[in-house]
């Protein structure tokens, strides 16, 4: 993405609530898409920098959601601090997962998925802490900041937008550093990078933690936005499949791709396809994904850029 | 600088390296030769940490490194090349060197990188994708360049000259000699071309079936009947 | 107690056979092309629904559905390959979303055609108990366990001993070198998808005859199949059997000795433990370094 | 005057089956209402919530933006909870029969109404067990929230009454029930098995039981089990099995309401009505009537619908319905039916029973 | 037998071969030498159809060959022995060899040819069941050579077979080449060991920067002159 495009995005982001703020429906679609976009960003970061495809990001999402819900409901921690703690909780969960870094490719992807299942079952069975399968209801919503009530749609939008932007900047900073280059090299040539002095295990571990933190924050935000949580929902496989679809669709090698992908896929699906075919609309979505991979395997952004040049 | 004591590596029932004892000093250029499958590459792998020895010790700079992870051995100054080149994927030739330098030495020195590129005749290919756009010999040059970028004290070269044309070989050897003299880098080089070994090394060690069967000047070693029988087939030097 | 444990082992064994059958097609494609076919579960499900149609529509025993299921599912699978082969770059990762998309399409087609109701066989013959001493099972479970063993044996032979199987492995190992040997990679890969489709066909009919199906079930099947494939080690057919039986037995024992709520937990923990000890799966080879 | 009512229902995803069942009831209710109520018309807009909470919220919001005056529908407490919150924020009434979780009515939602609840299921199950006089029960239940709530409360009450009740919870992903049934057979040795799950679970459990033949005297389930559909699809598994049922089969509707429902249902869907349709019908009909009354008073936009619903007191297909302050229907008591031959006979409570129960009675 | 006429080929944007014309006569050994990066490997890959030919024509016995998919080369009894990196890493040594006789017409001879291959490289017999991916560099090179001979091809195209082989084995290798030539096979050999390559060859081509710089019958070639040409780059 060119520089001017990056800057042009900012006012566009700001304009969204002004133009659409009154329409609860559209706003809630956008917020839901941004949540998925945030997880997609975190997934793409792990894939791009860590060289790891994960099928278990729902683990981080769910842990983040639960940690934040529990500390705010049971300990009365303020919501924003709770969201940060949610991210940290997910990060800690990823520390438990560090042994899987020994695994490669699909082995890693599935090992993470196994953790997601395990966390889900823990959330179901550890009733005293999590409320079991009944879940946690009445999770406090987003607070009032500077006199503005963030618990509305516009407030939620601004919050998730801030989170996503912050994460995107962090992602970009990592990628541009030498660590980013070394990480990129590691994917298919781990031995080659090690013998020149790269501590690849450490770097990969750090990326896993960063990615977990991001997904955890997304989960925590969502818990306070939906105000309700239960294991099947928090650890639902959709929290990883949708982000993967969004990331690859938008272009998982770019930073904006996953978020743009999430918005496009989600909004197209809900606003257009669903109106056309109310119950079978995912059929169209599936077709769209297939077409996208065949005609522009590097993602939507690449497609747009190619059009730009042509 | 490097001391191997009774080093062994086994793969299942096969002993690829068998109780090798060997010392390499700071100023040595040692030729490592032996029949195919004798265990030369495996020995390099053990020294750089890619395979875990089943017995024996490895000391580098008087420090026991047997449990030291690969990346730290690299930072200590063990540089190596791969017989089957392993460029860092998804990076350009230049980025390969940047990563090697940054992580091998902790600092970045662009001039040094240019110098190495020039040295290895890769300057005009600096922006090619290393993994997909180089010919085999260029990949071998890149192997050496990467190792140099980490500013090693000991350089383990695994058949980097194989496949090079005569003039290229000469240039490369000149470069190695210069490096050796200028930076005082110790070199162990695996090579099947005996002329090359003769002109480059003051000392040759021979491995056969994982065992060290000869160690001495090229002249002495290549006239050793055991070596002739198992490796060269005729007297050289 | 012994009786309980014996039955648990037996149930686990049969369940393992069923898992293996479901995993086989996925393992084949993954082992030979490094493509994870996320639509595999839907292919199995498609066959199961065909069996349902044959039973409820024509009033026949679901086993009669096998030829039709094989035909339809392997044709669909060939279609999947046709699309997958159109991917120009990064096949490993892009095929993920591609087959996921196909899975979504299939799920919704199944939903449109067969509605959301749960289905299963109503044939009493298949559901009849089969008892050997203290061991109980459903007749269909046992039949398809044997079928599953036979298919696995056949597939193993085909992959490791036949020319076609060798060609498949060669293509996955080094595409260019395989071409030099006179192997047309596209054609061999197509065959691997077609065979995978047939295996999915068997698995689907089997599933219908002892399990319960519903349109949203495909994803869960894919995940199970994939877990077993990975547990097995890339492309190893004996590994699939061992992995699947291990999983089935571990699950059944957990139910018997602890709680059935922990069954999934036990399965996942076992999976992780195996991978930690053997990072390349039960039958995976370690690669040379350097 | 025409009013738009929103139906937020899962038509795809894991709850697709129950969602579409309820939708049929909603549509029938609209059909019947529009035919019988001359003054007002109801228009239904259905949105698929895809069995996902965020989409349920979005669906409610979209329905509101399309002018819906109330919402009927919802399945699964995890979807209903956020969706009804969203409706509450928008000042819309939300009425459902798809979630029995108690937290739904205990967290102060003002515009939330529900015609069924765990307590009603629990009473029915216990009543039946008491009639049977069993002394020990094994409860096999899915770890999902509605099922585990119901199973746990039944266990508590039974234990209090001195009945030995052992529970076996199972993960919803489980497919082979033989190990559990074997435990019941060899360890629990209970007189009855109570299954709290969904259709696929029942089929799995009954099959396992049919193979292992534990020496129980009755197989009892709850929702989605004592239905004509199950009888026709699994003729080998259903004989003598008990489950909650609103109506016997073949159904005979005595009331005018019932007849209208059955007729419209058959006309629209060309099949026998099932319990999902009935619940959907009842909840929607009550809502439409409340809307009509509010419209007559001109209070539809001023919270009148909720007010009118709170005044509801009427006999319906599921018995008498009233709403407490929290929106729950305290009168709700389910009935128990038993598969007998091709028929379903209501065997509990005595007042509405259409036959006597076959006890001991098993499918095998 | 094999004829190249004004062939251009390369990798996408990077063109490597510039109007290369050459001929390999039936029953003769033609060697192509040249400095690194001259395009020798690319040339062989172009013949086999692994690199697309963008201009010119390749003919086999007068018939157009370019455009034929690589896997049909075996039908014409053409085999290529690539560098040692191109073995099937996940298959055993023996399976690698068997793959060499994949073409239908050779399948019945597998047993005998295997025996011949092991005879040729006893080292491979010792390593029969080992995965090819774990072979040493030289062993892999031997494997590639032996595999290529499994199909008993009439036209054999070899890329730097001596690479990474120990001197003793190199001697044997050239003996094998002599034998193959004596057996009436047509061979195209790319080799860095100029001296020995020229010694076995009938005809020599020198390539430089993607062009043919010299074409001479082997008997006329003066090594010193060749080396001078190298340096004149």
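Miscellaneous remarks
For clarity, chains are labelled A, B, C, D and E in written order, and residue numbers in each chain start from 1.
Just so we're on the same page, a residue touches a chain if its C-beta (ideal position, glycine included) is under 8 Å from a C-beta of that chain, and two chains touch if they have at least 3 such contacts.
As the structure is a computational prediction, the values presented were derived from the model and not from experiment.
Steps from chain A to chain E, minimised over paths through touching chains, total 2. Simply put, of C-D and A-B, more C-beta pairs touch at C-D.
Across the assembly, the mean Cα position most removed from that of chain C is the one of B. Using the average of C-alpha coordinates as each chain's centre, E ends up farthest from chain A.
Separating the centre of chain C from that of chain E, both taken as means of CA atoms, is a distance of 43 Å.
Look at where the CA atoms of chain A average out and do the same for chain C: the two points lie 30 Å apart.
Computed from the mean C-alpha positions, the centre of chain B lies at a distance of 75 Å from the centre of chain D.
If you average the Cα atoms of chain B and of chain E, the two centres end up 28 Å apart. In chain A, 121, 124-125, 191, 279-280, 282 are the positions where the chain touches two or more neighbouring chains simultaneously. The multi-chain contact residues of chain E, meaning those touching 2 or more other chains, are 134-135. Across the assembly, chain B contributes residues 41-42, 48, 50, 82-83 that each touch 2 or more other chains. Put simply, chain C touches chain D in their complex at residues 3-4, 7-8, 11, 14-15, 108, 111, 115-120, 122, 124, 127, 129-130, 136-138, 210-212, 214-216, 220, 251-252, 255-256, 259-264.
Of all residues in chain B, only 11, 33-38, 40-42, 83-84, 133, 135-138, 159, 162-168, 192, 194, 230-234 touch chain E in the complex they form. Of all residues in chain A, only 178, 181-182, 184-189, 191-200 touch chain B in the complex they form. For chain A in complex with chain C, the touching residues are 47, 53, 99-100, 102-107, 110-111, 113-115, 117-118, 121-122, 124-125, 191, 237, 241, 244-245, 248-249, 252, 279-280, 282-283, 285-290, 292-294, 297-298. For chain A in complex with chain D, the touching residues are 23-25, 28-29, 32, 35, 121, 124-125, 132-135, 137-138, 222, 226-228, 230, 232-233, 236, 238, 270, 274, 278-280, 282.
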